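As written, the chains take the letters A, B, C, D, E and F, and residue 1 is the first residue of each chain.
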Amino acid sequence: MKGKDVKLIIAAIKPFKLEEVREALTTIGVRGMMVTEIKGFGSQSGHTEIYRGAEYAVNFVPKVRLEIVVSDSLADAVVETIRTTAKTDKIGDGKIFVLDVQHAVRVRTGEINDDAL
Amino acid sequence: MNTPMKLAGLATLGASLFASLPAWAQDATAEAAEVVAAAPAAVDNAFIFNTLLFLIGGFLVFWMAAGFAMLEAGLVRSKNVTMQLTKNIALFAIASLMYWIVGYNLMYPGDAWTMTGYVGQLFSAKTIGGDPDLATGYSAGSDFFFQLMFCATTASIVSGTLAERIKLWPFLIFTVVLTGFLYPIEASWQWGGGWLSEAGFSDFAGSTLVHAAGGFAALSGALILGPRLGKYTKEGRVNPMPGSNLALATLGTFVLWLGWFGFNGASQLALGTEVDANAVSIIFANTNMAASAGAVVAMILSQLIYKKVDLTMVLNGALAGLVSITAGPLDPSLFGAVWIGGIGGVIVLVVVPLLDKLKIDDVVGAIPVHLVAGFWGTMAVPFYTDGTSFGMQFVGFAAIGLFMFVTSGIVWVVLKSTMGLRPTQEDEMMGLDKAELGLEAYPEFTKG
Amino acid sequence: MNTPMKLAGLATLGASLFASLPAWAQDATAEAAEVVAAAPAAVDNAFIFNTLLFLIGGFLVFWMAAGFAMLEAGLVRSKNVTMQLTKNIALFAIASLMYWIVGYNLMYPGDAWTMTGYVGQLFSAKTIGGDPDLATGYSAGSDFFFQLMFCATTASIVSGTLAERIKLWPFLIFTVVLTGFLYPIEASWQWGGGWLSEAGFSDFAGSTLVHAAGGFAALSGALILGPRLGKYTKEGRVNPMPGSNLALATLGTFVLWLGWFGFNGASQLALGTEVDANAVSIIFANTNMAASAGAVVAMILSQLIYKKVDLTMVLNGALAGLVSITAGPLDPSLFGAVWIGGIGGVIVLVVVPLLDKLKIDDVVGAIPVHLVAGFWGTMAVPFYTDGTSFGMQFVGFAAIGLFMFVTSGIVWVVLKSTMGLRPTQEDEMMGLDKAELGLEAYPEFTKG
Amino acid sequence: MNTPMKLAGLATLGASLFASLPAWAQDATAEAAEVVAAAPAAVDNAFIFNTLLFLIGGFLVFWMAAGFAMLEAGLVRSKNVTMQLTKNIALFAIASLMYWIVGYNLMYPGDAWTMTGYVGQLFSAKTIGGDPDLATGYSAGSDFFFQLMFCATTASIVSGTLAERIKLWPFLIFTVVLTGFLYPIEASWQWGGGWLSEAGFSDFAGSTLVHAAGGFAALSGALILGPRLGKYTKEGRVNPMPGSNLALATLGTFVLWLGWFGFNGASQLALGTEVDANAVSIIFANTNMAASAGAVVAMILSQLIYKKVDLTMVLNGALAGLVSITAGPLDPSLFGAVWIGGIGGVIVLVVVPLLDKLKIDDVVGAIPVHLVAGFWGTMAVPFYTDGTSFGMQFVGFAAIGLFMFVTSGIVWVVLKSTMGLRPTQEDEMMGLDKAELGLEAYPEFTKG
Amino acid sequence: MKGKDVKLIIAAIKPFKLEEVREALTTIGVRGMMVTEIKGFGSQSGHTEIYRGAEYAVNFVPKVRLEIVVSDSLADAVVETIRTTAKTDKIGDGKIFVLDVQHAVRVRTGEINDDAL
Amino acid sequence: MKGKDVKLIIAAIKPFKLEEVREALTTIGVRGMMVTEIKGFGSQSGHTEIYRGAEYAVNFVPKVRLEIVVSDSLADAVVETIRTTAKTDKIGDGKIFVLDVQHAVRVRTGEINDDAL
């Protein structure tokens, strides 16, 4: 029944895609998210740089990490939207992970779950 | 900055007076001369003062190169800071070399014009060694040192406008042409004793010859290069890209302000007489007044228009005030300097948004500050300087502007169609520091 | 910085001597004069040297404005950096305008006092144009340029103490009053030839007239404004708010140190004789010694007291050393400069925590550095300068201090009760950059 | 920078000429003298010009201390920035005190050598008060002020190489010995009129005496201290540790470049004659050319070798160009300055990676820039300066190098075996700012 | 039975509330947490700024994100404490999310679950 | 059956251990992770500093937070590897938390779960 199940969607995307993804998500009804700048490690990693004549491997690439909590009903749409908007077909586009949330609370009002989002 | 001829004249006058003394006095003078040879008093102190003015002015204007570097590094986004710093130090070094190899003699041909009044000596490197030539009234080395700094300043102006979206090498090649040929040629028209000076144009320290000239080179570049990715959205919205470090930008502005005392003050070209010393003093005071007025006016206007003070506008305002007074820093009263400089502040508040409307992306505001305020400064000269006319001032500005806009436009187009000016979209998005230089300015702070 | 009268005197003496020559020599002199008129030797070189000293000193003191800006920008939290930068460039620009419109003639009324010895000419703008007046011994423009910088310095001192919690406009309005009226009036008492100079007070370059004066204006402001939110907890704990950028703070200190050579050195007001040149040299060396001693003493004490060196204390120590020697930089030996400056370092280590105990929130340490070390420097003068007395030094300091504390206190109170001085708690918490200016200094680095 | 004797000589020559005038002229001269006594012309303007040169040169070289501070703060990792800033301001302050207490008279003993030609006066503090001594041709205070800056520069060179891994106090104690004894002794060999100057060694402004000397002190320190943790992996890979703030590093380089005009220019030691003024001008121009060439060559080579321009190499290149021209900035033509400086740029590109191969960890590149380019500059002198020989230049360089390497090596070893040089591994990993000073330079930006 | 269930509590709050919340949590027995500076998007977002004459929307507001792992028994108290302390009754106060943790380990000792906290 | 269960492993470790841990994880087959710089609060916290003569407590210590999503089968090995590599036996070594992931998606390809990692 409504408002019971809530999901946490974690996604790592390319920084310059942030704005586009945010707009796309807003249009499908996402009303909030948390954004963190992270260093990503993955298949894209590992090109080398030179500094003062010395080569070194760059293992981490800057990514942006999104955390979006939405009701179960919206979860798939969110995943789908991120997948399509963040996509550049180049390696390093990122990942999306979906987790269960036991419950959500809005600090200001104390509303829970769906109503908190 | 009038042509150096002036001083020579003065000195020879002196010599002739010497010669015209009654015979009996000659001996006396002879003895005197002998005594004098030993006593310091015999030294041509004016020569030393004039030379010293060039050296002090020169190192102050050198300092402006650092000011431009800091101002621009502070107004670009962090992902392009290393590139901006690289361009600024490289352009100064290139200007030094090019001005030596071709620039100086192209600008100051003396009587050896290739095309009288228009093009000076081509490909003749400047030499400064040997004994001092007293007739000129100053040391050749000090003059070269001082003039060179003006050439470099012109190039510094360009780098800011085109920041964040032009590759390193095409920019540097443009700098080679600008500092070796374009600037020296247009400057020779006035300061080299060319056709503009003949015609009665007046530009004391270079509102037109340096600042507007650099501004026009920047403008043609901006038009050909186009704006930064995402700066103007399809819906026509302007997407601001705030500077990454306003402390650096402010430092840069203070440095430029300081350097400007040398820029305008030493353009008096002489310190050897009380009148010259007094002139330099007036120029220092006026220069400071114009900058202050520009800053205050910009601050007040930005409060009135936007309901908040925009520091970057205040910084631009101070600089616009400085450029405005540069064409005639000697003749106006302090009050004159204030209102002339103040209008510089108005220009900033009007022209910065205007350029955005025209979708001309000028990252640091060099066009309002150097080109438009340079125009204003040039046109304001007749208010205080006798023997100048608005008409002639306009002609001079237009001629220089046209020449710089067209010639640099050609160079930009050639570079674009050969090696290309812009990095790939992805590189620009990633930032030139990582993409082209593989070196971030703040590797530990920024988060991509 | 003695009153300019001195030079005038010197020059006239010269003139009179001239007059007193035996008749027959006159002709000779006449001829000589003729020759001379052409030869540079005839020029009044002292006039040029004196003017040059003012110009060099002036641009060095100008540079101090940038030093204060960097020091303060580095010692505030990142959320208030744009505001601090804005205040610093704005206050300098305002000082320039106000000192021109009213300040200068209010400070140097000559014989045209409104209230003899206490208040100079009101509302008479300074003019500098026209031919040089040789009798004064220097160019009027250079003197104005130089004196103006001291006025601006006084204002710079205030901005640091009140950082992070005062709104832009009330601060700027205070600056208008300070630079247009308060500073010129108190400074006229000594440098304008007013009652304090008559009474035999001695303050060579302004330990009291500039530094302590600014310090008192800052102190009264700090008391009326109160500390930053959360600086002192209810339990009476001090909650440090570390500066956001110590590289800038250190740069600012080096800039101030450099500028101080002009501040103290050019306060000799003359370079035209060997004795003056020698004096300026001694002042440069002593100034450097005092700063070095202040830094080293502060470093050692901070190691002893806190078991670790606190860079911000070392920076304050160097500045306190500079302020300490400013009242009498000429007469002490190098050793004298060292111990006088060293005590400046002690003052910092003692007064900084003391102010916290008193819950007086002085963000950058301007009160220990400028007010307290200014007091010390003023009182130390009699150790080396003949014709000065501790009593008179104290009277002078007290008089200036009282005047500045009371008058600026009144201005602060008026501003507080009219437009208000402080932003809302929420704004202060958010930081003035975002809340009042809507512009962060490091938008990409800081994380709220 | 030749020995000050030179000027004295010149002045006395003048005096003697005076004396040697025919009797009848004497009276005339007498009268003349009288007139003259009143008119400014009678002043020994050369004395003032020479003094002014020292003062201007001195404050420009002072500024280099700030340049080193910014360059080094920009090239270390953010966790060691506060420490680097602390070391830089502290070393300057210490240099001032030590050079006063022992250094100056140890370096310029006049005829009072402790060991003729090798060791000057021990433990005799410098005094500068009293009336000017006209015979020397300049003010003693200005000379002390100027020379002191060179001593401080030597110490600044060391701090960069050893950054990020040496504790504060041992470094400062080394600075005490370096600035009080090591530098003054080796410098006295040449500039104090010691055995090297007798032998005909030539080092105008100090490629060897200042730069290489500092470089050798740094090298011995680097060897004894060892590289930073993790700089060289067991597999022998080099692990770059990019500088935290390239804007500061670039600012520092511009500051050094500016200061160098004073460093080389004022080393002419005289401005009182047209010839001297001309010489200073040539030095300014040559110095600028060498720096520009070094920067451009380094830029081009880094593009060719690494396929991208490395800004830090360009900065090092400019500095190497400056060091290269420092041993003989007067005699080369502009072209000479260009190729001599350009080779400085080559040195950087070759030596920086070479040191890494040798596992010598030079954080800021001070060894290539100051030691190796210093060697090059010293050896290049005979190309343009008569009366110098490659052999003698080599001998001089080797002697100074050996002395500095051995003596400073001894000091380092003693410090290591007593108080220890390095922080614990954990402290070094955490960064000296937190571990030793408990104060971060950018507390709000960096994230550990 | 004891120590079996462990919860991860994620909260986005206003930065200036961090210290207060940390102290409050310590008093109820929370012995550790992870704090991340994030950019928050939500109903509070979207005021506009002007830079050099051009308007632009600020979509993200700085927030602080807390991650606290506690035993089930403490979870509700933690949520409650955050809710009350972080509250300013102004929009943008933040959210609290509770997730299940399978198990927790302390690196230093290898202790698990409750003992690891 | 294969690819069904996926875990999210969150670990807080000492910053200077990052590179070592990353290498160790790569060798056991971890192909990606997200790294965030965080401020950690725990038993290690709470030493005091002095600034301009005033003492203050430092409540947070810089840590690095790893998020690694792996298939169930690899999870224990990952936890074990982090535990051993991040260990210095000094207080503040950090924590490891394991959570369930409902499903994982690779943006570029749309692959899910195991194949997305």
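Please note the rule applied: a contact is a pair of C-beta atoms (placed from the backbone, for glycine too) under 8 Å apart; a residue touches a chain by one contact, two chains touch by 3 or more.
Quantities reported herein were computed from a predicted structural model and do not represent experimental measurements.
J.: Counting one step per pair of touching chains, how few steps separate subunit D from subunit E?
T.: 2
J.: Between subunit E and subunit F, two touching copies, which fits better, same or different residues at the interface, with half of the numbers shared as the threshold?
T.: Homomeric contact, different residues on each side for the most part.
J.: Could you compare the number of C-beta pairs in contact for C-E with that for C-F and name the larger?
T.: Higher C-beta contact count between the two pairs: C-F.
J.: Quick one: report the Å distance separating subunit B from subunit C, using the average Cα coordinate of each chain.
T.: 31
J.: Averaging only over C-alpha atoms, locate the centres of subunit A and subunit F and give their separation in whole Å.
T.: It comes to 18 Å between the two C-alpha centres.
J.: With chain centres defined as C-alpha means, what is the inter-centre distance between subunit A and subunit C in Å?
T.: Distance between chain centres, rounded to whole Å: 55 Å.
J.: Considering subunit B alone, which of its residues make contact with at least two other chains?
T.: Residues 32, 41, 44-45, 47, 52, 56, 242, 245, 251, 308, 310, 312, 438-439, 442, 445, 447 of subunit B each touch two or more of the other chains.
J.: What are the residue numbers in subunit E that touch two or more other chains?
T.: 36, 49-51, 63, 99-100
J.: For this structure, enumerate the chain pairs that meet the touch criterion.
T.: Applying the touch rule to all chain pairs gives A-B, A-D, A-E, A-F, B-C, B-D, B-E, C-D, C-E, C-F, D-F, E-F.
J.: Mind pulling up the subunit F residues that touch subunit D in the complex?
T.: Residues 15-16, 37, 49-51, 61-64 of subunit F touch subunit D in their complex.
J.: Taking the complex as given, what residues does subunit D use to touch subunit B?
T.: 13-18, 21, 25, 28-29, 32, 36, 41-42, 44-47, 49, 52, 56, 60, 77-78, 242-247, 250-251, 253-255, 257-258, 261, 265, 271-278, 280-282, 284-285, 288-289, 291-293, 295-296, 299, 308-312, 314-315, 318, 333-335, 338, 442, 445-447
J.: For a test of understanding, state which residues of subunit F touch subunit C in their complex under the given definition.
T.: So the residues of subunit F touching subunit C come out as 49-56.
J.: Touching residues of subunit B toward subunit E in the complex: what are they?
T.: 238-240, 242, 305-306, 308, 310, 312-313, 349, 352-353, 356, 365
J.: Give every residue of subunit D touching subunit C within the complex, in rising order.
T.: 31, 34-35, 37-41, 43-45, 47-48, 51-52, 54-56, 58-59, 62-63, 65-66, 69-70, 73-74, 81-82, 85-86, 88-90, 92-94, 96-97, 100, 125-129, 131-132, 134, 139-142, 144-145, 148, 168, 245, 248, 251, 436-445
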